[in-house]
Every structure is written in structure tokens, then in C-alpha cells.
């Protein structure tokens, strides 16, 4: 495995030119904060729900290029999707990061570029951070809540 | 060092034909019980004081040949001595067991035969048991007490 | 069948001479010798991989983490545990203390019974005694019969109260060799109280007898690396993940935390929650190599070899005038730790003379004073065998006993 | 002066290649590499002496006990401790937990202050937090300034209350390198309260700086073997014998008892009272060999070598655009753990790219989150040096930083 597997040009591009990165989203229905204390990654994710779909999504945070770029790519991949579909896509991403094959390759959009991260076990958590925050935001919303904080080991 | 240093004929003789071994001493002024749980040695020592001297002394116990023989030899060496002198003799024995030279060689009587035990560090405690019980009995008596129990590590 | 001469070649220490004689090492219940492969695995680790585990992004740290976690998996498989429930400790003793401080201290109170036995090693007695005053639970012991078996009537009587919340028992005695019917005992305890927790001391059984947590129906299993061909400095607490998850942490420090602020701390997931500080990394690698060595031979072959030794040893000892063997005499019911007495001789003297004959046995209470006291003495002499011992060595033991008797003329 | 090229030849791992490049190991604050003499001492122990310690009457057991106790003496001399006060633990973390459970939990109550600092490793924070709720003492921290020094005004203010019963501080920070004025701090604490106890975290200072308990005026000193050229699986609590004698036992089991009955137990004398179960015997032998290696070079020479490295390293790092070095910049006031930031880059990314350049640094919170948070981030990149590092390796570090910046185009 080479560094280019990890830091694909697409990833560096999301890192340098983040999409949907913002410290707020007005209005939003749910806000989650996830952190990875081991690496010092912190992520805020805000979601607006429209007719059962992801109407708008914004992230902000402090973390390594992999975690921030992955969150950025995630926001593009899930925008406009049905909530259940977005959740399914997050699961596809999770499986890919655990080396269990690539499903829904076309739907993941730039998310596919993170495939190579699976070869760097210590960085897998970084790539997952945004997607796990999304899953949690969907879950939190489905339970009628608006805020949630999660800390990974 | 050879086994004969440890088990001199005199020692085996005291083991097989113990002197002053008895479960009681009537009357007695002080009784101490010492044990060495690591080895499983147990020793009872009873002392009668007469005019500031060791009027009579008896030991009983359960232990290895070194501990029992040493107690036996001790009783012979201290019988009739002034209390302070008996204590001094015990100190001489202790120093000998720690390899710090032999003092009062003549007074120790058969106790001298235990010199070789100093070369067997794990057995030193066995040889000391009776003498340490004696020191404790003298101390206990001097404090006006009649009974004491001591357990070594 | 185990080819004992080939096995012996793997153990460099067995070539040692003692007092001018070939060493006959009969003290494996205290600690085992180590095969070359275990020493090599640790040296190789230090020479090529050594780094601190977890959190590291550099290559060595990743490789060290991989080696450490793969050791955990190897050990888990060996005793049929869930790797998430395998906590590396410094020895079996720490594993019991972890349970005492983190489980017993927080789960038990007045009216609850913690049931141990009179057959236990101090490691399975003192930790419970230490935390008992804080919690006020009832600490009871199943008595041992003079024949070295648990008194099952007494056991049944205590269990019938329904108040036994924790039952702890050794799978194999380190003094009298007895193999306890753990599975049946566990079943009875659970029948009387569904929530009871069963702790098994595997310090002797894991090295000598295929030991399967599921088969034994144990919630927790404690054992040590150094008695099973592995290094010193490592032990194992294998436990049910759900129980471990519910327990508060024991030792605090690095690795076991999730987040630390000056106001308070959240804890990592299991097993890391219980592994504070830099763990015994090289020791885990060594222990995994030991497990590989044992698995390579097969625990059935190891056990069969020891049964064969016992079949020779016990009659041979009993044939010596004045010798009494403690514990069960049927090899099927016992392990290879054989305590015996010689009439008129004290274990300390026996041990010393035997040592001069090159035979290393242990004399004393074997860290099991309540048990030894039940045998009616303060100490025993113990010869304990392992996979590298031979029938010739049993003869050497018997000869040494005769030599001792001659020396003392008894 | 230390001949670093000769020293390097003693460390087999330093010959390793990583990603096709020569390894530049700059992670010794996490764990050090081991000289051949340490590996040989342990292998030799296992191949010739291995037995369980204490209580044994056979030759191997005597030799093993002698090796273990002589290791204790060697370690005691190295830090000017009384050997009776040297307890072998599994790591520095266990040493702090021993103090928390056995001292703080039994000696402190409402109104008492336990004073730690914001500069501490989690090992010197979490154990106190764990026992605090049971006892209700006041847990306070001396703040750290942005420059990486303890805030002495705040320290004075807390000490002036006269309520500080235990003060604990690291002699050298594992993140910002700061060497704390332990002796002066201890004097102030004692002046305000004669009975106060002073605990020193020597995990970084003992390996890198001659550390003398008497000189520091410390009552307790905690450190780890693996950071000072020794093996994993061993740590040290060195303490004043009178304090240790008065403390209740912590872990229970074999070796630490004097007598065990089913009704209760009496405890062994120190240090054995605190060493429950089979101790890290081979690890103690390895640690003694590590101490011999360090003593052979002389701790003054080790320190001088690191000061020389710092004199090159700190200006070289500061000369790189966008790089900020944390902590004191004067080599006389700091050790060789050097944390730094690169503007616009996250430590995780830095660590990964550097690893590809063969440079092993650590990225993260270094088990000192409160400290790292004070630096205004959640993580730092840390390069930490030891006696085997060279000035060439500083150049490799700087080159790797440039390569990282180029890669990310910052």
C-alpha cells in the first residue's frame, strides 16, 4: 500500500476545498457532536429534514485530513436522499472501510476514494467519523430528539 | 559447601535425641510461641527464672531438623546463665548466622555446629527460630508479661 | 503420543546441572520452564517490532499493536473466550484482585454469600478477604476432606440458602492435584441463584488440561503465563463481556480512558478499560508463542503424558516405606502436582537433601495454608510434573527419597 | 561524552528499515528500544536460572531469588532508595494506583487537598479521580501556563491553605519536556504542612536525568522499566519504608502474606507486602541490566547528549516556517520530548507522512489530555529523543516535516 492509496487527490481536494462545511445550518432539525479523543478529532453535524429526505446537511470540526475530507464527501453523497436510504449508504461505507467489499459504488460518489484507507487500520476511525455521525443524527431524529453527543474510545 | 556443613553429626544428634524438649515446664514464668509460616515451623518456649538466671527452659514444636536441633542446643547453652548474659549469647548466635564471625564460641556449646547453616540462606531462619524465641521470652519477661506470640514473614 | 525426548530438546534449561548432577525439575506447579520458541518470539519482538501499542500512527506502533492484539486472540481461542473479554494482567493474582475490587466490592453486601473453598491458593482467598470488611458479605468456604476432595454435602448446604452470589473454585489444586467437577458445581450454584457468578481458578488447569470456559460454564477464568510455558509478568482474566462491561474500572491511567478532563473521566471499552498503563506487550507475544507450542502438541497429548507419569509415579511413591501421597490416587481425577509426606521427616529437610541429588521439589505450604493445614501438617513436599518430565525422572525422585531417608536414618 | 555510534550498535532494532528507509526512531518517550545486554540477561535467566522466587529450597529457586533481590538492590541504588522501599509493580501506572488505593483512600477525607498538576500523564490523574468519590478529598490541580510551566502563584495559593496532604508532580513532562523544580515545590508543601506526602512521577526523568529520591526530597517515586531500556511488564514504586509499613496492603495473594487462615490473614513485611503473586522475575533481571547499561554510560553523559541534541533540534524546528515548538526552549530546563505544531496540518496526517519517510513520531494527546488542551489543541506531534539518537536524525526530522508540508501543499 502506498501513501497515494490513503491520500488520493480527491481526498486532498475535499480537505482543501470542503463542501457543506459550516458552523451552523439554519434551520436544522438535529445536531450531533462526535469526537475521537484518541486522535483529537471533533465533528459537528447538522441536518435539516424535508419530506423524509436529507434536505440540507452541514458539518464543521477539527481533525485530520481524512476525517474532514470524508465528512465533506459524505455530505455530497447523502444530500437529497431518503433518510432510510442515507442510513443504508452509511452502512455501505462502513462495510467498505472494514474491507468487506464496495457496495453502492456509484451512490457513494467521492466517498469511494476512501477505499484505500481500509489498508491503514489506525486511520479507519478517521474516515468513519462523519458517516457514523450521520447514522447517529438519523437515529436521534427518528427518536424525536434534536441533540446528541458521542465519544469513541 | 557440602551437605555435611549443614547437617553436622552434632545437629542430627540433637534432632534425634532432643534435650529439654517438653510440652510443659511447671512452673514457668514466661511462654512464647514463634512460628515461621513459610516453612511451617512452630515453636513453644517456656522459661523459669531463678535469681535472675535461666533456672529452667523447655521447648517443643514442629519443624525441620535444623530448627528443632538448634532449639535443643540453645537450651543447653543458656541454662543457668544470667538473663542478660543469655540475651548476649543469643546475639552472638544471630551474628554468627549472618556470617559476621563467631564470638563466644565456647559458650555456645553445640550451637557452634550451626555455623555452616549460614551458607544456606534459606535455612538461616530455621536455625534462628529457637534463639529468637529465647530473646523474645527474655524481653517479654522483662516487661512483666508472661505470654507472647510472634510470626515471622 | 507426546515424544518427550523431542520435547525436552526444546527446553534449554533442562540441560542444566545442579550440584554436579543432571537437573530433575519437578517444580512446574510453581513455574514452568520455557521452550526456545517462546524465548525467540520475545527476543524477535524486541529486536524488530518493539513500540508502545495503540494510538501510534508509525509502522512499529502498528506492528506492535497487531502483535499484542493477535496474542489476545490466540489466548482467547485457547480457552474458548471472547477476545473482548480477555484482559491481560500481571499474573493470576491480579486477575482475582480485579474481580474482588471491581465486582465483589461493588456488587455484594450484607446477606450475600461469596463462596470459596478450603482448597484454594491464597490468590483465591486473600483478595476476597481484603474487600470483605468494606462490603459485609458473608465469606464462606467449602471444606476439603482429608482425601483431598471438596465436601459436596457442605457445598450443597450453603448453595441451598440461595444466597451465593459468587462462587469461586480452582479447576485443579496446586497442592493435592484434585480436579474439581466445576461444571456440575456451577450448575448447582446457578440453579439455586440464576444471577450467581462463577469464577474459576485456571492457574493449574489451563497449563495441564484442555480448559474451555464454555464447557466449564465459567463466567470468569483466571490464569498465569509463567506456569504454561510463557514468561513471567503476564496473567489473564477471561470473562463474559457483558459482565466486564457492567463493572467499574479497577486500575486507572493511560489506555483505559476514553476522555480525561480535570473534572472527570470516561472509560474505554473492554478489554481496554481494565488495562491501565503500558501493558505487558513482549510478555503477551511470549504467551501467545507458549499457547502455540502447547496447541502444536495438543492439550490431549499433554494430559495423556501426565496421566502416564501419574500411573507410574503414584504407585512408585506409595511403595516406599513411610511415604504417604496426599489427594486422589486415581490419575483420572487429578493433575500432576503430587504432594507427599515421609514419616519422621520434615519437608524442609527433604527438599534440601533432594536438591543435592539434583531433584528440584518444593517444600512448604505452596501458598495454600488452609488446605495444607487440613492435611494435618504445616507443610508438604511437592513434586510436580509437566510435559517435559520422563519416567526416568520418577525413578530419580524415588531414589532421592531413599537417599533422604538414609541420610536421616529413618 | 557519549559515543553515540558505539551506543547504536548495542540496539539491534535500530538497524530496521521502515517503508524501505532506515528507521529514525523518535518515540522513546512512549517506550525505549532495548540494548542487546538487556535481551541477553533475560534470555540467560530463562535458559539457566528460571524458577519461582522465595520459599524454594532447591538451587534454582535460590538462584532466582538471589537474581530478583539483587535486581531490587540495583534499582534502589540507581534512584537512591532504600531497597526495602522498592516495590516492583507491572508499570508506573500500577505504582500510582497502589498509592491511590492504599494511601489516599485510607488517609484522606473531607477538607484534605490532594494536589496534582495540569501537566500530568493520565497515570497521575485517573487513579486519584477513581478513589476520590469514596473519600471526599478535594482534588486540585496546579495550572500550566501556555509556555508549558507550572503556575507557581496558583501553586503557592493552594499550598498556603495548609490543607495539602499529598502533592504529586511529574519530574519531567512527557509532552512538553518541562523539568519541574520538584525539590523547591516539595519544600514549600512541607513548610505548609509537615505531614504532607510528596509523590514524584519519574517515568520520564528516571530514564533521562539522574534522579535521586533524597535530592528531590520525594516520599514516593513511580517509574516504568520499558521507558529506560528495560522490558515491558515491570514498573517501580520506590517509597519511604516507614510510610509503606504503615499502609494497608493493596493486592492480595501469595508472597504478600505472613499467615492465612480462613478467618483472616496477617501480612508480610515490606516490600513483599505489596508484591502479591508471582512477581515479574525475568523483567526485574532485565531492568537491572538496563540500569547497569545506563550506569555504565553515566546518567550525566546521557543527559549531556540529550542537551546537545536539543541545542540543535529546537532552533532547527523553529527555523521551519509554520512550526511552533511547545514548552520551554532552553535545553537546560527541559527534557528531550519535543512536541510541536505545523500550521494548517493535523498531527495525525503529519505522523502518517513522516512514517513513510521512516521517521517514527507520535501524534495525539500522549495520555495527557488536560495538558494538551491547555496548548489549545486536541493533539500534538511529538518527537522524543534518547541516548541512541543522532544529530543526523534531527535533520531527517526536519526533512520529513518539509516533505509533509510539500505533500499537503501548505
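Order as written gives the chain letters A, B, C and D; numbering starts at 1 within each chain.
What we mean here is this: contacts are C-beta pairs under 8 Å (C-beta built on N, C-alpha and C of every residue); 3 or more make two chains touch, one makes a residue touch a chain.
Everything quoted here is computed from the prediction, not taken from an experiment.
The minimum number of touch steps linking chain A to chain B comes to 2.
In terms of the distance between Cα centroids, chain C is separated most widely from A.
Mean C-alpha positions place chain B and chain D at a centre distance of 48 Å. If you average the CA atoms of chain C and of chain D, the two centres end up 31 Å from each other. Remark: chain B and chain C have CA centroids separated by 38 Å (rounded to whole angstrom). Residue numbers of chain D whose C-beta contacts span two or more other chains: 55-57, 259, 348, 352, 363-364, 369. Within chain B, residues 37-38, 123 each touch two or more of the remaining chains. Those residues of chain A that touch chain C in the complex are listed here as 35, 37-38, 121-123, 151-153. By the touch rule above, chain D contacts chain C in their complex via residues 12-13, 16, 18-19, 23, 25, 27, 30-31, 33-34, 39, 42-43, 46-52, 55-61, 89-94, 96-97, 100-101, 118, 121-123, 125-127, 129-130, 141, 224, 226, 231-235, 249, 251-257, 259-262, 264-265, 276-283, 348, 351-352, 354-355, 359-364, 367, 369-370, 373.
Across the complex, chain B is touched by residues 54-57, 62, 258-259, 266, 268-269, 272 of chain D.
Chain contact summary for the complex, chain C toward chain B: residues 346-349, 352-353, 356, 363-365, 369, 372, 377-379, 407-409. Looking at the complex, you find that chain A touches chain D at residues 3, 6-7, 12, 15-16, 37-42, 62-66, 120, 123, 126.
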